[in-house]
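Following are the structures in question.
You will see two complexes here that share subunit A, one where it goes with subunit B and one where it goes with subunit C.
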Partner chain A sequence: MNREQKDYILNFLEKGIRFDGRKLDEYRPIKIETGFSENAEGSARVIIGDTIVLAGVKLSVEEPYPDTPDKGTMMINAELMPLSSPDFEPGPPAIQAIEIARVVDRGIRESGSIDTKKLCIKKEEKAWCILIDICTLNDDGNLLDASALAVIAALQDTKMPSYNGKVVDYKKKTKETLPLNLKKIPTSCTVSKIGNHFIVDPVPEEEEKVEARLTVEVEEDGTLCALQKGGDKPLTAEDIDKIVGIGIEKSKELRKFL
Partner chain B sequence: MGKLLVEDKTIVTPGEELAEGMDFLPAEGTFRDKDKIIASGLGLVNINGRVIKTIPVAGRYAPKKGDTIIAKVTNILMSGWILDIGSAYSAVLSVKEAKDFIRRDEDLTRYYNIDDYIVTNIVMVTSQKLVDASMKGPGMRKLIGGRIIKVNSNKVPRIIGKKGSMVSMIKNATDCSITVGQNGIVWINGSPENEIIVVKTIKKIEQEAHISGLTDRIKTFLEKETNKKINIEKVE
Partner chain C sequence: MSYTKRNDGRKFDETRPVEAKAGVIKRADGSAYFKMGKTVAYAAVYGPREIHPKFLQNPRKGKLRCFYNMMPFSSMGERVRPGANRRAKEIAMVTEKALLPVVDLTESPNSVVDVFIELPQTDAGTRCAGICAASMALADAGIPMKDMVAAVSIGRVDDKLVVDLDYSEESYEDGTVADIPIAVVSRTGEISLLQMDGELSRDELKQALEMAKKACSKIDKIQRDALKKKYEVKNE
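Moving on, here comes the complex of A and B:
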């Protein structure tokens, strides 16, 4: 059945339509809602088709790392909730969860969209630490792009809590936002290769048949800030050229939602 | 003489008293407690003479003897296959119930392998919910190619329609082969464009099953999607 299914999906792609009737480079409807959680400093829920991902931002004051004494820190953690798919199990994070967290983290870190120097309160002693949690509520494919969008939306939604030099009062939110460089904020577009076709936003049926995928994260002006390759098969140089082209093109579309 | 406590076709919740007196009989979705008949599930009350039952509006599939369903093979035993029937219980298909005679030492994966979908018939459901399936009879087969979609099993009668009128209308309009299992698993096979129309149509039926005038709405929807004129034979 599995091999049959692949030919079946390829048959669809040959005709230029997808398993669910979309075009090859078409996203499902995207919806972003911010301010989803009362207790988080910033939060967002992203819905792509039937995929639902929630991201929350918490802030705390910590001692900076010794190698970056004048910078705040950022940490991303992803959890694939068992309620979102029959394939996800409770327990320590699976490879897929770690990959999502790391890829999203890399995009934001390497783009330099957060001015970490401004997060420092007192050199070598105190700095804001940004803790971001990604939580999947329903997996209908393309968790990577949904998570990246959710994290960016949650970061933009974040309001700093009031801090008197000793304790953070989480109940009192100030109007101050995170030191974000909006121009550098990355959007992530994952392009998958099945046969000789390149598709974005795969549904689970397609995801199972993906031979290789490349996540392209770009800043507003089209500068690449991160790439992540997945899947078993290799990609040629031409493939990568094409994928990055699609990624940059699609990121313009995704940016409209932020 | 007993007394009815609810009207026909009202929605009841579990635990609600439906009737008093011994002359009423509890059927599906109801049970008797002393002289009262009580609903055991959320649904519409259906009173047919002395028989009272509730028709569920939601919930997973409950296996019933005689149902033709689509099942997925999840495991292979020494003497049969375990099937996922989209219910809380799994079914067993014994080698004795397979289409052909299977010798003792044969490789069972040659017939039905793990992840294969099959059309099968439920021949027995015990009180402990052990479900037995069979491949004997017309139309029972392994499904090759096509796609599987899942719908709410309570909406299956609306997808099939009176005497199969709805499903045959979709088949005629789209030239797809469609098999609807009682458990809400539907198999569709045809050309890519038409399959997508079928999926859209079935989802529409599932969503609008409770609104009257369904057949006409689906007809206009199909006509718009396929750009074809559809004639429906009225089934009385």
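Moving on, here comes the complex of A and C:
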């Protein structure tokens, strides 16, 4: 980004407004559509402004891990599809994709929003394994928050396939849903710092200018369940308190979409 | 047992319902959505842009490069492991060859036009849906083209030739099946993709090509209409 563009975005922020006309703490319009896929056990498309992210859930029956013999498992993978941005290349997940997958994973895991004990079919032998994939369709900024929303929406959309004790019949979906604890389900809000300003939901022009960011994942009662600082510059303790405040406030808004 | 009635009640020369839309991915230079029954393809085009590694540069003309990928949750049953496997690479290659005859990259030497095809949901016929989407995305990106390409799979299910196999027909168990994906260059009627698995007589192949041409001319119209719709000027 050249100097002029940098000043352009900053000049607006000085006036308390974004270059696209939004308030500093304003998300673009959000839309969630569940069930776009008949083949996945659960799926959701999240649209934030022009950013589009898909998430799909597949289920399989596996042997539980030896250290958690009475629990099912969960895995989240993110792919920054090269079709979604000129900056993404084909190949194994880049570090950005790994970060998204891990941060979303942490929020869900640490909040305890999935009752993994209920996923166990037979101790030490069989348990459901939840495989969640995030695929970006159009990157117009804030992929992390969009991905987190998409994963939660896809989990809520999931219907268990029928299982006879030996094989899973994927063609037969039951009415049973995943053991989710709705109060614990986290929402993710990433707050970015540019100069002395704090913004949410940046577009790529703004993301290039972000000096530091903090992703705050919050449960319904305001409990924090995952944090991730990013960006090249540090944050002060005051910054962090302010960001967490914004994150908790915004998470109430985001929760309404679930 | 003869295949007298199609599993989903279609006529033998009827494709599944087709939906097409141009310009669905804003960051791309050109893009399209193409849905055939339950098979969904997105294509995005980037370029002409600089090619890496540099030794791939051709000073005579630009390069067309295609990628094909099924999203991990796209198919019924087990998750598809992400990453390019042998199948995906081969399909990407034949897709490239299917589109090459219509794109003219002589004006963009040393550069590349990348075509990315992604499938969020599959029910057979994915390479054909991918080619249909890619042809539209190239046009949407303003890449110089002599023509458009449409593609459809013709199948022989038991003793019957059918247009646009779905998965239930591809895995028909009461008889043998041949699957013949075919791409047709729309105005010349030339064939730019032809593959087959299964067994087929010489006469059946002739008929299959005729059926593909007819089906592709209908698909071609849907592709063109979708592109026109995007660039339509609305008079107030």
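In this text, the second predicted complex is superposed on the first by the 257 of 258 C-alpha atoms of A that agree within 3 Å, B and C clash if a C-alpha of one lies under 4 Å from a C-alpha of the other, contacts with A are read in each partner's own complex, and residues count from 1 in each chain.
Operating definition for what follows: a contact is a pair of C-beta atoms (placed from the backbone, for glycine too) under 8 Å apart; a residue touches a chain by one contact, two chains touch by 3 or more.
What you are looking at is a predicted structure, and each value in this text was computed from that prediction instead of being measured.
Legend: residue contacts after superposition of the two complexes on their common chain; A:12 is shown touching subunit B, with no touch to subunit C. Of the two partner chains placed by superposition, only subunit B is touched by A:21; subunit C is not. With both structures placed on the common chain, the touch criterion links A:152 to neither subunit B nor subunit C.
Once chain A of one complex is fitted onto chain A of the other, the partner contacts of A:79 are limited to subunit C, with no touch recorded for subunit B. Of the two partner chains, neither subunit B nor subunit C is touched by A:30.
In the superposition on chain A, A:246 makes contact with neither subunit B nor subunit C.
Here subunit B and subunit C are compared by how many residues of subunit A each touches, and C touches more.
After overlaying the two complexes on the shared chain, residue contacts for A:203 are found with neither subunit B nor subunit C. Taken together, the two structures place no residue of subunit A in contact with subunit B in one case and with subunit C in the other. The part of subunit A that touches subunit C in the complex is made up of residues 36-40, 43, 50, 52, 54, 56-58, 60, 77, 79, 81-86, 90, 92-93, 131, 133, 135, 137-140, 170-171. By the touch rule above, subunit B contacts subunit A in their complex via residues 113, 115-117, 144-147, 192-193, 196, 199-200. Subunit A contributes residues 1-2, 4, 8, 11-12, 15, 17, 19-21, 205 to its touches with subunit B in the complex. Subunit C meets subunit A in the complex at residues 25-28, 31, 38, 42-44, 46, 49, 67, 69, 71-79, 82-84, 114, 116-118, 120-123.
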